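Across the two complexes that follow, chain A remains constant while its partner is chain B and subsequently chain C.
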Partner chain A sequence: METAISFGEVLISLGRGALQTFRIVPLCVLFSLAGGMVLGIVQSRKIPVIREIINVYIVIMRGLPPLLLMMFFFFAFKLSIAFVTAVLVLSLYHTGYLAEIIRGGIEAIPKGQLEAAESLGLSSYSTMTKVVIPQIWYQIIPSLAGEYIVLVKDTALVSVIGVGDIMQEGTELMQLTYKPFEIYFLIGAFFFVICFSLQQLSGWAEKALRSKLVGSEGRA
Partner chain B sequence: MKGDVLVSFDGVSKSFGEHVVMDDLSIKFLEGETHIVCGRSGAGKSTLVRCINYLERPDKGKIYYRGLEVNKKNVREIRTKVAMVFQEFDLFPHMTLLENAVLGPVYSLGQQRNRVEEQAKGLFERVGMKDKINSYPYQLSGGQKQRAAIVRALNMNPDLILFDEPTSALDPEMTGEVTEVIKALVEEGRSMIIITHAMNFALESSNMISFMEAGKILLTKTPDEFFRNPEYDTIRLFLRQTLDTKSNAEEVKDE
Partner chain C sequence: MEFSFRLIGTWLPKFIGALVVSLEAAVASGILALCVGSVVAFGMALRNRTLTYCLQVFTAVFRNSPLIVQLFFWFYGLPFIGIKMSSFFTGVLAITLNEGAFFAEIIRGSINGVPKNDWEAAESLGLGRGRILTNVIFPQALRNAIPALTGQISLVIKDTSLLSMIMIVELTRVGSMIYNQYFDLTGFIFAAALYVVLFIGINRASFVLENRSRVRR
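Moving on, here comes the complex of A and B:
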């Protein structure tokens, strides 16, 4: 690169942005999983009014682009801290999807499992935590991994509200170096490695859980 | 005490849509008794036992367990004393057999894990599965799964065990290993209500047999009386179809 910035400095700059992504993603995974778990469990209980309220939330989150939500929260609600806005919006957005994935996982548990737990006198809480939730992972891991891959890619949007992520750093570097291909190629490689690793991890986890629940030959 | 009324149905009715499965049904089950409930598919037998631990709710009438009404308020208390063994075993697939057996006593009865683990190990030894306690359900045959499900029920130290067609999902060669376990429980004088089509087993092992048809109890008798004098043609036909040895079937005489 025939500019004032060396390749090493480019990497350091992109690495600084990548660190932001690595800060945002785990927080969003944590919050959206917790939120999705709560909403998914409540949805599976089919409590009349609450179910409708959660449905409205899910429909809104699934019906709006995350970029719009981010701009809306940052400018309309005047959440002045960009990092907090990014984590909040991405968590709320993906909670909507995760709630549906988790509800589906819970409802896929055979009725006999619930009846066996009930007939042992287990409380609803114990039934959920000891019998139902441990069994849903095998069902939902592919959907969960898919959702978190989208989350990783969605973090590329946070630069629009000024979070200094890898995209923001890349845009600034491009203005200094006039090397858009090289810069965006590096950013692309960064996202690809993370998303590819998540896919591999998901496949491994699904296989491990499958062998524990139904054996390696898939015998029930 | 043996002979006391353990469970009583008082005018119980239950329908699924148009299909009436219990029709103003009244019956008593006694303590220390192995009571077989038989009848054709769809007669309402499974619904009857499922109502005792409130897996099904009656539309009308009342059910009492030791005088305590089976309802939403009392259900947890009753379920800690009434264990159930299901047709499809319904072991928890993510747990080892030992964990399956320990779950209820620890999280429902609040008992100490160490103590109930020791008790469960003893029970697994009794049913010939001592070496399987760390296996997962998928690693077992159907007969082994059902024996493990019986251990899970026994580990609750129940006053009454409900069996909902415990051998129906098993191959004939696996049925024997499960009925042997149940016969051992009969000899202990445990209170049990068993839904089954295995009438040879009923003849050999029960204290009382009830025949159910169209949501009603048609006949309740001791095994000897039930087989010698079934009273109804429908029961005679049922016995001929279900008794699997010629000598037993021939004992069912036409009037």
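Moving on, here comes the complex of A and C:
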């Protein structure tokens, strides 16, 4: 089959898909951070029964392939908008991982600080929001960035439920043009640029935070 | 949403076959990826500038793009240049290269974590760089890397679910086959349960392995 699709048209289609991917990523980043924050804080309080329930949730999310989760939600709830399913599934999935990261960050805060906050008469709410949470970022930024890189890569999976992201556009183009290497190379490059810059950004943020901490306290 | 045990009963042989396929793919690509990762990390530790640069490009490219893109790249691309492989081997190849890059980074970090004294001690015994790496540094690095490596291995089993996209009948595929035939989610739920059981099993095994491999000095 002779095709008359120019390189420009390929780029336009992929660009359209890329825009859709760019719409999904920030929403998932926000929702999973919010979810992970709530679950992580609750987990760090070690409330008997709730702790077990959240543990089960985390194990399920860590054990399941995101592809299976995506198909399950898509068929189970039959939401008319695949976009909502995609954002929901990716957020729920990464909430499980982020909860673990944030719990780890909270538990790494020295006990002495909590006692100091208590002795100043801070409520447990203010202790969490004013003492603990501001300090966890420095600790968790590398793992957080790593998790978000995985999230960005997982958005390639939303093509299976027809969200019209870059991967779906690419597969449709591939069937029209029979140029698998070129098209998947372009898609790979698209994800590479995002993930690689996220990685660099996290390294930079870590350094900036460290120098800020050192600067304000006058010690390493 | 209802769970039909009768359906599981009739599809059980299919499920067992699919489970075997998933496990075969995971074990094969897990072992191969460990080899790729070891070789790449070893190459990086040789401190040859050109070699290190090439290997860094390899790990950066394969770590920072989605596995599904890589899978389709090989699956649709290889026949195009005249290489015909079964889809199973294509899938194992894709997972191997992708996870190999992750393993390489883990082992590289672990090699860097081996104390400098060990290098110096081995050097003073007159060993060459290659010998030092193979006999002194690498065994320690691999042992120290075990917790991170087992964490990564539990991701390999999840990666195999992508093989359903290239027409391999593994767990996820059986789930969607059942849905397509009966519009019933039982298949997905059963497959999900199997994945979670596998995940917990790997977790337990890695816990035992970590405890056994720990060295007290």
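The working rule: the second predicted complex is superposed on the first by the 210 of 220 C-alpha atoms of A that agree within 3 Å, B and C clash if a C-alpha of one lies under 4 Å from a C-alpha of the other, contacts with A are read in each partner's own complex, and residues count from 1 in each chain.
In this text, a contact is a pair of C-beta atoms (placed from the backbone, for glycine too) under 8 Å apart; a residue touches a chain by one contact, two chains touch by 3 or more.
Predicted, not measured: the structure shown is a model, and the values here were computed from it.
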Tell me which partner A:131 touches in the superposition: chain B (first), chain C (second), both or neither.
first
Check the residue A:149 against both partner chains and state whether it touches chain B (first), chain C (second), both, or neither.
second
Which of the two partners, first being chain B and second being chain C, lies in contact with A:80: first, second, both, or neither?
neither
Taking the superposition as given, does A:67 touch the first partner, chain B, the second, chain C, both, or neither?
second
Just to be sure I read the superposition right, which of the two partners does A:160 touch: chain B = first, chain C = second, or both, or neither?
second
Of chain C and chain B, partner touching more chain A residues:
C
Across the two complexes, find the residues of chain A that touch chain B and also touch chain C.
none
Going by the contact rule set out above, which residues of chain A touch chain C in the complex?
59-60, 62-69, 71-72, 75-76, 149, 153-157, 159-160, 167, 171, 174, 178, 180-181, 184-185, 187-189, 191-192, 195-196, 199
If we count contacts the way the header does, which residues on chain A are in touch with chain B in the complex?
110, 112-113, 115-123, 126, 130-131, 134-135, 212-215, 219-220
Could you please specify the touching residues of chain B with respect to chain A in the complex?
53, 55, 76, 79-80, 82-84, 86, 88, 90-94, 103-104, 107-109, 136, 138-139, 152, 156
Footprint of chain A on chain C - complex, ascending:
1, 60-61, 63-70, 72-73, 76-77, 80-81, 154, 158-162, 164-165, 171-172, 175-176, 179, 183, 185, 188-189, 191-192, 195-196, 198-200
